[in-house]
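Next come two complexes built around chain A: one with chain B, the other with chain C.
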Partner chain A sequence: MRRERREQLQTGLMLAPSVLLLALFILLPLCVVFAYSFALRDPYGAVLPGFTLDNYRELVQGVYLRVLMNSFSLAAWTTGLCLLIGYPVAYFIAFKAGRAAPALLLLLLIPFWINFLIRISAWVVLLGRGGLINKALVFSGVIDEPIGMLGTVGATLVGMVYAFLPMAVFPIYAALTPIDRRLMEAGADLGAGPAETFARVTLPLSLPGVLAAALFVFVPSMGVFAIPVLLGGGKDIILGNLIVQLFLEFRNIPVGAAVSILLLGFSGLGILLYMRALRRVEAMK
Partner chain B sequence: MSPSLEEPSRPKAVVELKGVEKRFAAFTALRRMDLTIREGEFFTLLGPSGCGKTTTLRLIAGFDLPSEGQILIAGQDVSNIPAHLRPVHTVFQNYALFPHMTVLDNVAFPLTVRRIGRAERLERARAALDLVQMGSFAARKPSQLSGGQQQRVALARALVNEPRVLLLDEPLGALDLKLRKEMQAELKAMQRRLGITFVFVTHDQEEALSMSDRIALMKSGEIVQLDTPTGLYDRPANAYVADFIGETNMIPARVISQEGDVTLVEAMGTRLRVSGNHGHVAGAEVQMAIRPERVSDDMRETENSAEGVLADVEFIGTDLRMVYRMTDGSRVVMRQQNSGRAVPQLGETRRLGFRQQDLRLFGR
Partner chain C sequence: MTPHSGRQGWFVRRVVHGISGWVTLLTYLFMLLPIVVLIAFAFNAGKSTVVWTGFSFKWFEKVVSNRNILDALQVSLIVALASAAVSTAIGSVAAVAITRRSFPGRDVLGAALAAPLVLPEIVLGVALLVFMSFAGMILGYTTLIIGHVLVSIPFATLIVRAAASSLDPRLENAAADLGANEWQTFRMVTLPQLMPAIFTAFILSATLSFDNLVMSTFTSGVGTTTLPLRIYSMLKLGITPEINALGALMVLANVTILLLVMGRYLPLMLKTNRR
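On to the complex of A and B.
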């Protein structure tokens, strides 16, 4: 009995620093934002203490719903593309790359060592009218003169996929590697061709990884703001830059806080859906 | 070969390996293997770990391709036929059941991929499960089964499509002794009943002896002897076989002379007559082999005898295993039925008899 207590105390002490850190830098600011989302403001943008639901009520207006839809569709497209591209990449690294696998995984990580904004700015240069891609296309005769790629949805998606692809590859890779190859051999042995073995054995067994990948891409995609602004020209307002605008340009901190809480709610919903789907997939085993 | 020239009693070949060689980089796992497996037989690949048994099975199944040589299944060269189109199924050593499917779906898998209608598929899968007495476990997941049950499901899954050849890679390796014995008998009975050719891999010589029609004993990528169980046991081709199959006393001996069918040798401090072992020149140093159960202390029917001191007695239930130290220092194990007779005292000197047809000579 006493020993149990002492062990509990020890565990508590060991956890204390990280709990404190989390509380201080995540929970506390969150509480502040949460409180602001119910606060009032004076005409000059200063936050006034008080309680109102008006900030949330404002969100049901058409403009905000449009923004929400924009964000959602961008996140959905990004997620879909990342899964479509990331799965084959992960599959290749897990099963075909052999000894090159660690090097390939490292290659996927290296961009993270360079500042995010710099990497996206590089894409601005690449996709520009005088950029490398246009030059190459003109040179090779595919097109006659440079085309405007910057400021299109395509450019935004290129940047989004570029930014989030590793988030899709890693969990899928992690789900694929532990699959016993003999299960695939068993599929072939029992008469299933490669495509059918993949559809009936490999893919179902890697679903937890696919779900995690979808979560890892979708949730941060909902909150981006730099990529659509830099590459897509910021024509379609999305949640991320809406929050930035509300806080910094319109100095409407309470509504900005409400949008933030809404975004947080969506992320939470995503995680909840993921957990449910995962439980379903795990129940198959 | 035209069919009329074949002996009618001899079933035709269903799997043939012709000069098959398998190399992994610089390492040769199989050396120029020639092998014919006949229709309907229980064929066993036996050998120590790493001798190439699994490699051989994987080549037949089509998971790997031979570096050289040809493999024929039912007379057809399968070199260019991928695994999923070969008429063989495998029971894997770890069973390789699909963890995300129920037992029934696992067993129905070979039928599903052949686009067999749902009703017939389920009926045949259920029948296969009943065959291995797993009918009541159809709805479970593989993870909810014991090792022995998983093994049965793997067997049902491999049998449901009635393959020409069933490949079994140490299917009983993970089972405890009692279950293992049971499954040996069941497997053997099932093979007889279904008439499917079994190619069975094991490193357990007792298992091989008790189940097989024929056994290929392998050693580092080569077949050392291919024979029936009795042939392998009673007429081992060399000292390796004699030592691997069953227990054998290996006694150093020297050839004195050869007279007709009988070779005279000096061993265990005396002279012994050995019949039916030709080709050893006088003066040659050889190994003389005899099975422990063929050594006897009943002198009535033996031509040869030698004296030894009882050094150890081991009680193994039905049998007694007695170790004698002979006058030249060599050890001889004698195995006798536990008939309830009095056992000699340790240290007692006894005369042991060796029949000349039970002794075998191998070059050293």
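On to the complex of A and C.
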């Protein structure tokens, strides 16, 4: 009996720091932000107590609605491209690279050794008017004179895919490697062509990895702010820029809080969709 | 279920099987070429990051004598080491409790500790900023370290949890049979087996902190500008080979750390495996 009590006390002591950390610095702050998103604001930027839905009403108006659409389409494009490129890469590493697989995985991590801003700066240089890509295109005769690629949505997308691709490759790779090759061979033995084997064996078995990859790319891409500024010229404002501006430049904390809660809602929706899809996929097996 | 049309067969044969190699090759060029170009132009004599005018080390000299960069580096190192220590300590203890003890709400805590992985970091940063000013805390080292702990703790916890759940309980039972008390068992049997994971968690946490921009944007104060924040403001003014030289130095530092870690830990890991 005493032993049990002591063990309970020990467990409590072990859990205290992490529970405190989560409650004090995640849960409580999020509650404060939630409360602020309904608050009023005096002309000097101070938050006044009160309850209004105006902060949210402002979000569904023209300017903010465009920001929302911009963020959503950027995140969706980034996720789509990362999956489209990441799947074949993960497939190659898992099934075809053989003994080179560990080296290939390590190579994918090398970019992380340099601060990601500096990596993005490499793309600013490469995509510039005098950059290597323009030079190569002019030299090969594809274009007559350098074209302006910086400051376009395309340039932002290049940077986004560059930053998030490894996040897509790793979960898909992790889902592909444990697939029993004998299952794939059995498919072939039973007369299925490579298409059918892929569509009915490999792809369904790797779907949980694909879903995880989509989640790991989509959620952070909704909140980026540096890449669109450096590569896209900051023309298309997205949620990330908006939050930074509202909090640090305009000091409009109530509307900033409303935007943050909205972004949180989107991520929550993403997680919910992910879990539902995962349950569906697992039920299929 | 899926109709097996000829076109789909072609698609899968070419794209998934035949072309996966090509996609991989192009992807690796896409990922690595910018870094090669970046490092090459760190040695450029001129001010351009595009036109090569000759070889020189002058941009490296500029970096190591730039007060702003050195100050920011110091801040980043302090925050990285401190936040990694806190995060690894809290995360490891929680991981051991979650895998070893049963208590109500165990699954909830496990999920909550992983939550910062899927919550947008910018929202966590904003929330922390609002809360800190609400509580009257001044932005500085403390707020930076707390913020970075939030970013790294999911990784620290998951790494140690994975290691703790794959431990062989028979070893601990054997220790108990041989008369070791609970603390001795933990100290001499469990902990040594977890050390590689704890060390990995520390390194990863420190790396994440050192590279962090988003959380730092909201939690750094006057005089605690981190290196990524400094780089961001430098980039907004324009790119000179000084940035490239800084990037090249970062690669060098990382390779050195990796070699040191491998030199220290590889023999240890091989020994554990043989045992």
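The rule is simple: the second predicted complex is superposed on the first by the 268 of 285 C-alpha atoms of A that agree within 3 Å, B and C clash if a C-alpha of one lies under 4 Å from a C-alpha of the other, contacts with A are read in each partner's own complex, and residues count from 1 in each chain.
Heads up, the rule we're going with is that a contact is a pair of C-beta atoms (placed from the backbone, for glycine too) under 8 Å apart; a residue touches a chain by one contact, two chains touch by 3 or more.
All values derive from a computational prediction rather than experimental measurement.
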Which of chain B and chain C A:Leu190 touches, first, second, both or neither: first
Touched partner set for A:Gly131, first chain B, second chain C, both or neither: second
Which of chain B and chain C A:Ile143 touches, first, second, both or neither: neither
Touching partner for A:Ala100 - first (chain B), second (chain C), both, neither: neither
Chain B versus chain C as contact partner of A:Met275, first or second or both or neither: neither
More chain A residues in contact - chain B or chain C: C
Which superposed partner A:Arg182 touches (first chain B, second chain C, both, neither): first
Touched partner set for A:Arg200, first chain B, second chain C, both or neither: both
Chain A residues contacted in one complex by chain B, in the other by chain C: 192-194, 196, 200
Sites on chain A touched by chain C in the complex: 7-8, 11, 14-15, 17-19, 21-22, 25-26, 28-30, 32-33, 36, 85, 88-89, 91-93, 96-97, 104, 107-108, 110-126, 128, 130-132, 162, 165-166, 192-196, 198-200, 215-216, 219-220, 222-223, 225-226, 229-230, 240, 243-244, 247-248, 253, 256-257, 260, 263-264, 267, 270-271
Residues of chain C touching chain A in the complex: 1-2, 4, 8-13, 15-17, 19-21, 23-24, 27-28, 30-32, 34-35, 37-38, 41, 48-51, 89-91, 93-94, 96-97, 101, 103, 109, 112-113, 115-116, 118-124, 126-131, 134, 146, 149-150, 153, 157, 207, 211, 213-214, 217-218, 227-228, 231-232, 235-236, 239, 243-244, 246-247, 250-251, 254-255
Chain B to chain A touching residues, read off their complex: 61-63, 82-85, 88-90, 92, 94, 96-100, 109-110, 112-114, 141, 143, 157-158, 161
Of chain A, residues touching chain B in the complex: 180, 182-183, 185-194, 196-197, 200-201, 204-205, 284-285
